[in-house]
Amino acid sequence: MEAWQPIVPSHEVTKGDCIVQGFADGLEFALWRSASGAVQAWQNRCAHRSVRLTLGRIIDDRLVCGYHGWRYAPGDGQCTYRPAHPGAPVPKGLGIRTYPVAEAAGMVWVAPAGEAPRASPAADAGYALFCRAFVARCDVHQAASVLARQGKIDGRTWTGKIGDDDIAVHLLSAKPDRTTLYVWCRELAGIDPTAQRQRVSATFKSLRARIEQPA
Amino acid sequence: MPAIKLYDYELSGNCYKVRLLLHLLGVSYEKRPIDFFPGREHKSGWFLGSVNPLGQIPVLEDDGYVLRDAQAILVYLASRYGAGTQWYPDEPRVRGNITMWLLTADDLTRTASAARLHDMLGYELDVDRCRAGAHALLRLIDDHLADAEIVGQEWLATMHPTIADTACFPYIALAPQGGIPLDDYPAVRRWIGRVRHLPRFIGMPGIFSPQL
Amino acid sequence: MTQDPNVLNDWLVVGQAGKLAPGSRGRFSARLLGEEVELSRDGQGRPRATDRAGRREFAVQERYSYLWVCLGEPRKPLFEFPEFVQPGRRILDCGAIGVAASGLRVIENFLDVAHLPYVHTDLLGKEPHTEVAVYTVEVDAQTDEIWARDVRLWQPKAAVSASGALLAKYAYRVMQPFSTMLYKTCPARPAENDIVCLFVQPVDETSSLAHTLLAYFDDASEDRDLIAFQQTIFGQDKPILENHRPQRLPIDGRLETPARCDATSIAYRRWLKSRGMRFSVHAGN
């Protein structure tokens, strides 16, 4: 289990009423951005009756559970209000399990093991253009072994070439039978970055097919 | 003042997409509820005889004009009450795209909606085949939306919402109720969030509105 | 199959009796506790329940418009429901709705009142009327049924027959782990209660069929409107019910934290624990 895992691109977690469901290392996360701009990575489970927080809403800088409207504050994930008992103080320690989270290289990273590693996360191979994420219906070992046949694997990062493009792929074990593949490419002179990202995305689909169905 | 009557069932995604567009367009209407389950009123003699011989809902009546088929109703409403708006523009490529997605909405009815009818209302059908078909469509749609995002497009047919989005939204958002989780489709989930935050959006039982 | 006597030796609903044609025609199969049960009528028109192979016979009865099956040895009679035959009451089955949830979670959701402004907004509740005043809960020692009384709720539209907002009074009764009834203010006859029954067929530990039966005083509303209202309510609960993780009900440990408004659910979990409930219960913390 790697310490930091990229989970979603930063621009997908917007302020306001946006709660993103994320998967990493067999865990499920509810990701949102507080009014201060800080990304939150929480266990996707309300402390009350275990309903997924991703069914809730962000209102006035609180995650409001969709079931009973319990409100949780950013930072420590503590419950601050229970609408059935408006006057009553909330017991201390009642809150959502939170995870260490960081943003770097345009991605949100979480530490699924629950402890913030000393080093910050870093986008490997330093390729500038994030293309898109792909979900492969297989475990991370199968994905890695297929990719290893035509490039270089170092830990959870693969570098190689598809067509004219040098790409770096970070592999994330989302679930035991699902791998998320984050694809970056090295910018090439003389081609519009958007066109390059489209090209890489189009070509990568056949690689995804081979990853899912190795010959 | 439109004299629109909608033969409607609260839990039907195809009826909901018409209710949704009516709300997005700001057009008022009257509901004529049909006892779809357990009553099967849509297969009753009077319904087959005087409303829709195919025994399907939704059916729209507008001042004497009667139209069946959810996708056709969306086209009519957008043309009649949304002229000059974004919902059904007449630019040829966009219109071609919209039509393609309206037909995909029918594919979603055959797959994702059928699986939901099986799980929720006990319909007897090949649910495994329906689920597999739904997953194939969802992957196609997820790839389409993820690739569209690369060029800054956030909607199915073009750079703004159209009836392509309202047509496909209900059965995609309800897919989990047919045993089809959306875990593998992050771009679809982002798009669902965008649809839910459209001005004048309404939900249905099973799809929460962002407003309380 | 489960060995939990709480479900094996109890009566479980399998569907509307009307699904079996009168006489000896008609049959249907139902899924119960992960098993297939075949329902039919014998030569005398009495209901019959067997396993799929037709070899094992199960105890079966027709009651309150439903068929009830016991896969083991029935340890007590089915609950009493005198209002079912009360003159003037309209009895209406609202259809069985499948839900990918533990039947225990389905029952507990029915008993829950704090979710009404959030899940059934503008119908059974609305902000800012979210406060749940204290109500009483007790277990009837004679019948071993749970009763919650004096629940008071402000409701924008409590029922089809309600013409405006009203303060509804609720009482809940839990007769079995998978059956419950709600007695609620009747807008048409304030001295009476409308009754909503929820009989859950536990298909397996994480999926259920929810049968809803209305026993109402309402001469004005159409069947289809009453059914639509109930299905709307259940349809709104469905995504909540299908998104509990863990799916099974925790009755032990500190996994979930109730509030005082959850008095009925607290009693329900304690009641399940005291009878050693294992089926559809979450093991561990």
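Points worth noting:
Think of it as A, B and C in the order they're written, each chain with its own count starting at 1.
In the analysis below, contacts are C-beta pairs under 8 Å (C-beta built on N, C-alpha and C of every residue); 3 or more make two chains touch, one makes a residue touch a chain.
Here the structure is a predicted model, which means the values were calculated and not measured.
Of the two chain pairs examined here, B-C and A-B, the one linked by more C-beta pairs in contact is B-C. Of all the chains, the one whose CA centre sits at the greatest distance from that of chain A is C. With centres set at the average Cα position, the gap from chain A to chain C is 39 Å. Distance between chain centres (mean CA atoms), chain B to chain C: 31 Å.
Distance from the chain A centre to the chain B centre is 30 Å, each centre being the mean of its Cα atoms.
For chain C, residues touching at least two other chains, in rising order: 117-118, 127, 239. The set of chain A residues that touch two or more partner chains comprises 55, 66, 69. Of all residues in chain B, those touching 2 or more other chains are 208, 212, listed in ascending order.
Remark: chain A residues 28, 44-45, 47-52, 55, 66-69, 82-86, 88, 91, 94 touch chain C in the complex. If you check the complex, the residues on chain C that touch chain B are 93-100, 117-118, 121, 127, 209, 223-225, 227-228, 231-236, 238-239, 242. On the side of chain A, the complex with chain B involves touching residues 8, 12, 17-18, 20-21, 23, 55, 57, 66, 69, 131-133, 135, 137, 175, 178, 194, 197-198, 201-202, 205.
Residue ranges of chain B in contact with chain A, taken from their complex: 142-143, 146-147, 149-151, 183-186, 189-190, 193, 197, 208, 210, 212.
Put simply, chain C touches chain A in their complex at residues 108, 112-115, 117-119, 127, 130-132, 239-240, 243-246, 250, 255-261.
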